[in-house]
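Next up is a structure, given as structure tokens.
As written, the chain order gives the labels A, B, C and D, with residue 1 at the start of each chain.
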């Protein structure tokens, strides 16, 4: 009950510290019979992998996944799927200087306060390296969702103050780009923004901050299409509530929005409510003329695309001198953070956020199987 | 596993439909020995109760709570606390007209899609009446938190486009008002806004919308003070992740922010990071000079006030004519919603949001007891 | 997490003290569409009800159930089913004398040690009255199981040293009596023994003990027929493991056996293993020639009848003088227990044990829905 | 929710198939600050390891554990402890012959029925090899329990029909041997029986069966001393209920008894109830004059030793020819099982059963921390 497990029926447990021997994950509850190979996992891990561009850390990890259980003859067996990824390029000495001086904006102080001790090297368990496990688990979830025609795609909509013109708010039944075009436009550039006009400006904003020893924040959207109506449980385990938890649990996320999000506060009911209408040519299928709800009403999916948005804070590890305390000496102190850090998090958070959305949807897809009497 | 239970160690299960005989809650995991009476619960229920002003529904419910188990001689016994509140003023006939025509912005269509049947009267389980149980459970949590000097207070910061000047963003170590002043300023007016200058404007905005057969949205903040450092679990059950789920699970909430929230996307690391410093005169106590983190780093409380913000959509039930479908006839239809509805939700959501924050904190307070070896 | 919830997908939470205002239960996770009325519940409650014969307590409770939520137009809605049963015939004064002197064989001392305080009246939460909720929840589970042709029946096989000749060990594919004959033979007599020759002897054994101010123990079997192969989860949530927990959680049960049970310790593999064979006339259906396994292999149902057996200790509340301690005075003491108590528990435990087996099976029936990819 | 996780606050998740690359475990919820090294785990794994004597399988596994996370500088950090043990001596070809013919007494048929496919090699996930993870997790639990002076020891009391004279039923406050003598007497011989007179007879009984191509069953007891009063939760998560589940979840266990166990069915209340008395010389400490309760009343520990007993079926894998079915050909068939198998399970089940008892106690030790208000 220490918070390293997520999900109820499709459930993951992750483990591992940034500078320990490995990080990993156990996926429990994946139905038997799903085709699954290490290559299926690797493709998402490669998207999350550091060292790929100037806007991400130069730590170089191969992030080669090994599946240790749960599959046989290329299919899942219904038993737990254990996956391990070795840590190879950890440089722990870079952290000696900050052992006693908690980094502002980091979990150093709070871990120490909670446990009385911690692994200070690279942030230990609080490091973003922990998300390797999430992405590996999310890749399994995506394979399961694909069986039902559900797809999840994420992209950056704002970085360092530069806004993209491509967003999916109120875009119904699908965004201006097809999902595959949206994905390829996103994955073709280091800031993961599908708006080709914004890319250069975003890169520039990151570079300016980096040169000043600083970092920038941003916004990402995650879109899930093909989700049938009916997913989500009433009251506490609402689909949007579980998505909010899933996304807020990613380090650096400080806000989660669904559909119109914060803007709904300034809208009127007549503008916010999405009118229902039968879909032409689709016998008895109900659709929505707008999607301010973000595909969720009363915590249950409507059949329209699910739309989530996250605000991501600027990287807390910056070279600039900052004020902190020395917990051993007992005096205020200053700190200059060395080591290799992403000057902006949003581009690399995209595959992690996609993974979390996929995990929530896979879980609710299985939960929905018990909602009614069998016919 | 159908989503009607919340929390791990301090755990509530709620039940009840809007027009059924009663609504209620079972609280499990409250430690033995806590003084608790029905009056402790009633005070919060009375704050949530409908029929109190022009900005809320005219449904008139006494909402008298009965404690059926778990206490003896005025103290909790460690056994489940069952509480029941009878429904008395339900007028089900008002809902006959909409049995087959799902209301836009409501859960009518999604419940039908999920379960194949539903109680259409007053929204059934999806009604805001369900929050009675949350508030009753939250009242128990607040009693427990008070033992440790933790207090939770909420207030409206924006309504119908009118913004209050009183917010707690970056207010450290406490907001401009003391907690008791903040609470009394909030509770003295029907819009639950502590900024006396904004109240009349907010009331006016609500009234204008109501006269036009429409409704307005808004924003509320919830502040928790006295929270010790160390609450929250790493990775998935982060304190902010659990708060996000708790708050997003309240109907009408479309966004959850922690601390600087969405604004962090436009900040730089050097501005976002809260510098640490020893608190003068408090031997060895670490403080923060700002509170952009909203009292949480790495998912664990820092000791600074916890600050959450929610964006609340305009009431979906509006008299204005809206487009929908008739599920039985199989044709597009129009609907005009009758019944008694709040023209704005934020003022009444405040005690519910406080309850959810209290429930999350009570749960993590108990979880923290297992974080370390006993001394 | 205080242990008042049972099950994962079909999940119950019970509450209530013996001498509080009521006892009750919330059933969460029952699929929508199941026909359910109060009469369905009442029939099982009536079987558990006290005051029915000389072998049970003379406490007279009507045990009238009220369903407060979760059904509409006679069907379940997928939302929590809350049920309440008022306590009416509690005589608390009978317990004043034992407030400080824990009764041997009871939970008085352990509750005091755990919580530091307790409701001493009638055993409070530790009273067998708590099983009212289990039986009500079990009745819902039985309705669900009946949809799939699964039936659960229990009966006494030993009482006060008298053994019945009717047992289902190794009885394959069904016991010597049909299920309906077994049930009617069982329910026709106060000791709930289907062996008509043993009844008088059992009654006599109970009566002899009662006259001597003492009580007797016994054994009951619970049989579930119609269970398809494949229910149960590997490793920890094995079907037999969950049954063992479910049955051992009933007060007074000190042993749980599956199939051949303790006797397997004296058997050889060649005698214990149940040979497999195709069932004649049933295309491709696999059967077992014996049922030492009790219908479970590797924690998963085989399709043969599930057979459980429980050993039930003699009623701890006896008029005979016993040695104990006075916790207030701090000295050893003696005690003579007054109040109304069953001189033997097995006959009244039968409906409770049936309920627990039904709850486990209903839970695993729903869990099995997620075991494989959908066709 | 697929049953590979056990415990609530001290929680383990195991993974791995018999002939996959490795087996392993994640321990979550272990408090920070506990000294822990691989050597602490290895000592218990070595006791479980196969290939140690004629009464166990000749499969030769080093079972060298690697801790991959959760510790730093020799102490636990409160983060998940991941442990992996590579499989090295799997000979999968021995299982080709039985791919389509389920072994009687094994999970082959039920896994196939549940999942539609399975890893047939060595029983896959249903193999006793899965218990490696349990023992590793139990070793961590034991370290935690030792901090509070709690010790767990198991031993064989019956094998192949030969009964040991050493048992702890009704032995209060401790068995005839000290715990350390009991342990060393047990661990000094291959049948793990502390009664030196019974050892040769037990070995002979196993050998006779083995020569006849058969196997034998037996009984083991597990004793926990130093357990304080107050552990266990009322109603469903009773300490004995959780022990019953934990022990019944071990393959081959067909019965679980607590204290007097099945014999209680033949006792009277006056003999079964354990009289309470203040312990001489121990100010205010309450003791029990007998221990028929096995240290648990109302599901909560009394402070007396916890006593559990399990009946273990004979090894199902026997060379003798047995009847089964061929699932591919669709006809009845015969089978002769090759491969390397233990001719009796009880000696090797002892460390596994100890581990499960330790895991339950560690979980309830942590749960008890939330039972009351903090002083």
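By our rule, a residue touches a chain if its C-beta (ideal position, glycine included) is under 8 Å from a C-beta of that chain, and two chains touch if they have at least 3 such contacts.
Values in this document were obtained by computation on a predicted structure and should not be read as measured data.
Chemist: Which is the least count of steps on a path of touching chains running from subunit B to subunit D?
Modeler: Graph distance in the chain contact network comes out at 1.
Chemist: Counting C-beta pairs in contact, which chain pair has more, B-C or A-B?
Modeler: Looking at contacts between chains, A-B has the larger number.
Chemist: Compute the distance, rounded to whole Å, between the mean C-alpha positions of subunit A and subunit C.
Modeler: Comparing mean C-alpha positions, subunit C is 46 Å from subunit A.
Chemist: Just give me the whole-number Å value for how far the CA centre of subunit B lies from that of subunit C.
Modeler: Chain centres of subunit B and subunit C, defined by C-alpha means, are spaced 40 Å apart.
Chemist: Any idea how many Å lie between the Cα centroids of subunit A and subunit B?
Modeler: 26
Chemist: Going by the touch rule set out above, which residues of subunit D reach two or more other chains?
Modeler: 1-2, 4-5, 8-9, 14, 29, 32-33, 78-79, 114-116, 125, 234, 370-372, in rising order.
Chemist: What part of subunit A is in contact with subunit B in the complex they form?
Modeler: Interface residues on subunit A, with respect to subunit B: 1-6, 8-9, 14, 102, 104-107, 109-111, 113-116, 125-126, 130, 158, 161, 209, 213-219, 229-238, 240-249, 251, 254-278, 284, 286, 289, 293-294, 296-303, 311-318, 320, 322-325, 327, 330-332, 367-368, 370-372.
Chemist: Subunit D touches which residues of subunit A in the complex?
Modeler: 1-2, 4-5, 8-9, 11, 13-17, 20-24, 26, 28-29, 32-33, 66, 68-70, 72-73, 75, 77-82, 84, 114-119, 124-125
Chemist: Tell me, which parts of subunit B touch subunit D in their complex?
Modeler: Contacts found on subunit B: 1, 9, 29, 31-34, 78-79, 147, 234, 366, 369-374.
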